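Heads up, there are several structures right after this.
Two complexes follow with subunit A in common, the first pairing it with subunit B and the second with subunit C.
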Partner chain A sequence: MAAMENTLKGTEVVMDPVKAKLISKRKLIQLPQWAVAWLVLIPALIFITMFMLYPIINTFLYAFIQDFSYVPGGGSFALGQFFAGLNNELFDSVRFGLSNFAEVLDRPDFIASIGNTSILVLVEVPLTIIVSLLIATFLNSIKVLKGFYQTVFFLPYVTNTIALGLVFNLAFNKTPGGLINIMLMNVFGVKDPINWLSSTAYTEGAGLSTKFTQGVVIVLYSLWNGIAFKILVFMSGLATIDSQYYNAAKIDGASNFTIWRRITLPLLSPQILYITITSFIGAFKMYSGVMAVYQGAESTGAYFFGTVAGKDGSIEPENIGMAWIPVVGWIYKELESNYKAPGVASAASLILLGIIMVITAVQFAVSKKRVHY
Partner chain B sequence: MAAHEMYFADDKARKAYMTKKILSNVFVYLFLSIFALFLIAPFILMIIGTFVNADNFENFKNYAEFKELGFANWGFSNFAKVFNSKFENPITGEIMESKGNNFGVFFLNTLIVAVGSTTVTVVTAVLAAFAFARLQFKGKDALFALLLATMMIPGEMMVITNYMTVRMIGWMNTFAALILVHGVSVFYVFYLRQTFQQIPNELYLAAKVDGVSDLGYLWKVMIPIAMPTITTIIILSMMGSWNSFVWPNLVAPGNWMDKKDGHSMMLVSNGLRALFSQGKTLDAVKLAGSMVISIPLFIVFIVFRKYIMRGVSRSGIKG
Partner chain C sequence: MDVRIENLTKTFVGKRGVETTAVNKMNFTIPDGKLVGLLGPSGCGKSTTLYMIAGLHKPTDGHIWFGDEDVTNVPPENRGIGLVFQNYALYPHLSVRQNIEFPLDNVRFTGPYGEEKNRVYDSKSDVKTSEKDLAAAKKAFEKASKQVPVLEAKLQAAKERGDAVESLQAVEEKLNAAKATKKINEERIPSLEKHLEYAKGEVVKAEEALAKKEAWFAEKVAEVEKEKAELAELVKSGSDKVEAKKAEVAKKEAELERISRTKLSKADKDAIALEMAKVVDIAQFLDRKPKELSGGQQQRVAIARALAKKPRVLLLDEPLSNLDARLRLQTREEIKRIQRETGITTVFVTHDQEEAMSISDFIVVMKLGVIQQIDEPQKVYEEPANLFVAKFLGSPAINVFDGELKGGKLLLNGKAIDTDKAYGKEDRPVKIAVRPESFEYVEKAGNIPVDVTTVEQIGRDITVNGYIEGQKNHIKAIIPSELRSGILGKAKVSFKAKRLYVFEETGERIK
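Entry: the complex of A and B
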């Protein structure tokens, strides 16, 4: 049909009038490009406006309304809340201010969650990057079984974080029947099983878990979970390095380590920068990975730091519970908890955003001298 | 450079070189194997847990006991236990039948959300990418920059207001909240736009001469050419829904003990956590539950390995 019309194009004079009229009519129906563009953009724009742009602006408003409290009937829009507050005698003093930030910074559990996240990030990110860099370098240097190892190292990427977290939880936590404890006791001769994660001691010999043992499991799981993507990126970077450099260095008698240090690392620096920045940002927003390792801690009430509610509701402060709640975990828990939540949670998320932006800026500044494009 | 291409002063130097090379090879393979084992170990545990005798798996203290107890009467019964709809209330201890709150329901929920959100995401992404890649209109660059800016903002900030919105308009525990709130992915728009831009201009002009409309061109020319990219997006989006945890956990937090009749809106990840984190579930059944969630992912990975690895190396989105 289209081809036929094409041949007709040059011979429009001899075309029968009915057909010519049809074609010109179709041309008339055709919308101008800008109209088509906005038409096809409508679906995406509706979603972006409703669930991305509006929330970003609104979160800022939530955070900066003084003593934000949710007013029923005010809607989710912060200014709606604001006006509902203005009309309400109880809230006649609604105004903008920094009280939400003050409240967030006044909460010891928030400060603790910042500390938790920072420690985990500082341990986990360098560890994961170094391990995946080594694996990628080694993978790149071998020929036999390369494809097999590549597939194995990519496997963690296509898994469900929660499901595999449950597996880690079982491997570590069951005392003494967990895989890790069996190994420690039968292979390495450790006497008593270690209670890695649980805030209750369900077997004799195993004490309560400590913040350290919980941290070990979380770091191991994030290492397990995190290296696949980094290896993939490093491998694709290594593939672009010209082998001439290596040959030249070998002829000059450079050792393998020198070659790696002087050629591979500098030429891989763009990928290393990319991975470092995305890892730090991603790690500061960690949530699922930590939660996945703590399977079932909520059901025993062991949610907050250092406190576990007993069956009668009493608080047993010696139990450690989920010691490593990250910032995002704190925000979500807060969001679900009370009427002040949106304001406090928004303020906390802005603080998180600030931290992430500062770290990214520092990394860019440092990298300017060290990255070779 | 292979050894036979190199020249050595004497046999001693050659020998020293070869020894060093073998040693470094041994080290490399040892290092890779140790980490490969570390990565595979959870899968092995999962497979063992799926097939062992669940009742005996609990209380072994060493390897011999584990072998003796675990593999007596091993089989597929743990799978059936995963989909079991009878649960013991951990507080009262009574056995409850829960038709709307078992793993089958979570599976179906996840399937609906995965198909629904993938459809919405792909349709919005294709249309928007088409506008940005092919059409000229006022404000195009500004709009594109705005989209780019939203990619920099952490999703946690949007979650807060979105959660309030969902609560306000009564979308808690609905498919709408699970599907529509993430109805557009700015990253996929970018990814598709890049692919669309690689399609030569001449094709568009030729189609125009033939009297094909803009949308007709999108449908008949651009989509078929960009099909590999679209396939990658479909797979990554499906996997994303299958693995999503944070958002469903907020907006569909069904507690099975509260709901005796209505069906839960939990997805597989949340369901696994909610049902199997109860202390009373046998460990082997928990492992089998993890296996049930993982099997579809493995099948997709085996079939679409090429698409997944290409998409992932571009996006960095946890599939």
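Entry: the complex of A and C
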């Protein structure tokens, strides 16, 4: 049987009714199927290679080359320039080693950023997952106004990260006029306005924001931002649970809580696993969310992640914008600092990769026992 | 535990107020330890009845008694029933053992006087529910009573004014609806009041029983204390009866322990699960998940789970409809065997008359929410109470013809048949029904002439398909193979009816 041929036609084509053959005004180009496949894939492949594959390989190389130095103006071809600058004594003078990693781990601000990210992840991810699970269960059990509530809870998904950060920044304003402060002072009877985010006082003698208050705002922001999608996934999962199981469990005497714990949650476990894994991965890479909350408030520097003043109200210059700096923020900041930066920054990102991989592996191992398909 | 259904009614109100009566004033009793089948076509209310016995649907009217306890207002988990769903509803993420143990995990208030506590709780909530129902019925009655004279006056005025027919009709409809509501609630109120009295009495009885049991348990505890004190005395005096006494005390303490546990221990639960698994014969699959079992095995697990809490009544919803034909025969026997071994009163629902006939002790034939006949299977088959029952039972279906009674004789197409019996004097058209196997081929002596269309030979007997002249229904007759020589190849054959049934045009049996 003749191989299947695809034809690329010229621009003008005429159909011969008698012979039922395509006759083109230009010459027919006959190509085998594999060639057509490649032709169609090449644009996408170019993009993926340029913007994903090459940077990843680049990063690995930067990280493992000792004393990598960055020639200004080279851009993405720094690697090539580096090699060029060695005057062709390539394999002699390039040493691969872990010096970048050692340097990274030696930096206290990097360790602090890992700490910051870990705290935020460990607080935010479980909180968001539990809240969205409860809301999804609630939505699944109401009949009246179900569509209305579904819309309400899905709205955060369509909001813009930075815009949302602005809203939170304004809501948690340190003055008595800030929305949250109004609620706290008038509804809950709190006496003084709380300074949530700022390192300057709102009035003489008023308090300064602490790492804790700033952290609360960041967590609430991430919660708001994150629940919409999770609720969607959980609701679709809940809808697949046959209602006969609930009837059978009722006849077997189970209370509503027992049903939720022993029937609903286990049958929802595939969705819970998916959400947990992707949430942890996403949360470790958090960056724009943390930055959005502060809105670069008190410094014109781009990488501002909060400032915490000392006990006497003084601020060390190197602590400006470093309060809640996440790992990705540290990497970005590092990239701009000096000519040796790419190596160090790449090493840091590989360390982040390692942490995420370990956590994901642990989650998969746990899932074998607890997830039922 | 016999199950008594009293005046059970269930009405569903659909969209725009359209009412469907699924079950209509049913009355019957299921004797203790019997296997009863609810049989009927789709939509006859059999599943609804089953779910009302289970407690998943609340009856619109009527009562359900388990023994001498009215369980109409008792929630399903407290009734002591086991229900096997049509699609088994086995929890897919639990193993077979965990599935069977699931109801045991939710056992409430066991312990020295657990059952009595249950009873007090149930009877108190029954009182609450009856009071609510009574109040609602009274309110509805009063509202309707007020409406009736108002609407009557309105109708009168409209008639005098000479209003259009449609508006007159509308007012009349409302009037009739109000009158109906008034009448229904009028009838319900005395029965609800009676039930309230009964429920209050039950509360008193239950509390007495609880107090008695508590006293009994306190006695037992005191007894053990006494024994322990005696043991201490013996130890002090250094007597040689110490060992024997120790053993006695240990035994009594273990007994006390067993009575007063409030939860079943894991070992107990495993033992019960193993016992149930052995009864239904899936003991070797205890650690598998449901999806690793075949359909028949899954169903047996569902039965085991229903039996685990030793229910008073076992309910099965279309147990065999999800199985293939071969498995059906096998599982039928299994169900019969399990029921006989455990002796539990069992009710099952089916639309397959062969299934119902083969395993039931009694069959309840239902049509549109009304019981047609309750009898042993063979009686329902041989002595149908009406035409519906006769047509429903039996495969192939019974043959029905139009005939008439004239001058005390039964005539088919003008010819007299069944001359041995004398029928009543009234002349009227009737329906004659003959089962296929009741046709007799006697050479030259038949009085029912049949125009043969086809003859099927299936080895054991032959099936003659044909028409009787003047009848619109075709006839199917099953004749033993030995007589085939007289039938094969003939276009016209004459049969005699060994046994026939005569029904009124409306369907009742004429004896």
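The working rule: the second predicted complex is superposed on the first by the 300 of 373 C-alpha atoms of A that agree within 3 Å, B and C clash if a C-alpha of one lies under 4 Å from a C-alpha of the other, contacts with A are read in each partner's own complex, and residues count from 1 in each chain.
In this text, a residue touches a chain if its C-beta (ideal position, glycine included) is under 8 Å from a C-beta of that chain, and two chains touch if they have at least 3 such contacts.
The structure presented is a predicted model; accordingly, all values stated were derived computationally and were not measured.
Participant: Taking subunit A as the common reference, can subunit B and subunit C both be placed on it without clashing, or not? Answer clash or fit.
Facilitator: Partners clash after overlay.
Participant: Could you tell me if A:S346 is touching subunit B, subunit C, both of them or neither one (first, second, both, neither)?
Facilitator: After superposing on A, A:S346 lies in contact with subunit B but is clear of subunit C.
Participant: Is A:S236 touching anything from subunit B or subunit C once the two structures are fitted on A? First, second, both or neither.
Facilitator: In the superposed model, A:S236 contacts subunit B only, not subunit C.
Participant: A:N247 in the overlay: touching subunit B, subunit C, both, or neither? Say first, second, both or neither.
Facilitator: Touch status of A:N247: both partners.
Participant: Comparing subunit C with subunit B, which touches more residues belonging to subunit A?
Facilitator: B
Participant: Between subunit B (first) and subunit C (second), which does A:A37 come into contact with in this model arrangement: first, second, both, or neither?
Facilitator: first
Participant: For A:I56 in the superposed arrangement: first (subunit B), second (subunit C), both or neither?
Facilitator: The answer is first: A:I56 touches subunit B but not subunit C.
Participant: Between subunit B and subunit C, which residues of subunit A are contacted by each of them?
Facilitator: Shared contact residues on subunit A: 247, 250.
Participant: Once bound in the complex, which stretches of subunit B touch subunit A?
Facilitator: 1, 24-25, 28-29, 31-32, 35-36, 38-43, 45-46, 49, 58-63, 66, 90, 123-125, 127-128, 130-131, 135-138, 140, 143, 146-147, 150, 153-165, 167-169, 180-184, 186, 189, 207, 209-215, 218, 239, 242-243, 245-246, 249-250, 253, 268-270, 272-273, 276-279, 283, 286-287, 289-290, 293-294, 297-298, 300-301, 305, 308-309, 312-313, 316, 318-319
Participant: Applying the document's contact rule, which stretches of subunit A touch subunit B when the two form their complex?
Facilitator: Subunit A reaches subunit B through residues 2-3, 5-6, 9, 23, 26-27, 30-31, 33-34, 36-38, 40-41, 43-45, 47-48, 50-56, 58-59, 62, 70, 75-76, 78, 131, 134-135, 138-139, 141-142, 149, 151-164, 166-168, 170-171, 174, 176-177, 179, 182, 185-186, 224, 227, 229, 232-233, 236, 246-247, 250, 256, 278, 281, 285, 287-288, 291-292, 295-300, 328, 331-332, 335-336, 342, 345-346, 349-350, 352-353, 356.
Participant: Which stretch or stretches of subunit A touch subunit C in the complex?
Facilitator: Within the complex, subunit A touches subunit C at residues 242, 244-245, 247-255, 258, 262-263, 266-267, 269, 372.
Participant: In their shared complex, at which residues does subunit C touch subunit A?
Facilitator: Those in contact with subunit A are residues 54-56, 76-78, 81-83, 85, 87, 89, 91-94, 102-103, 105-108, 305, 309.
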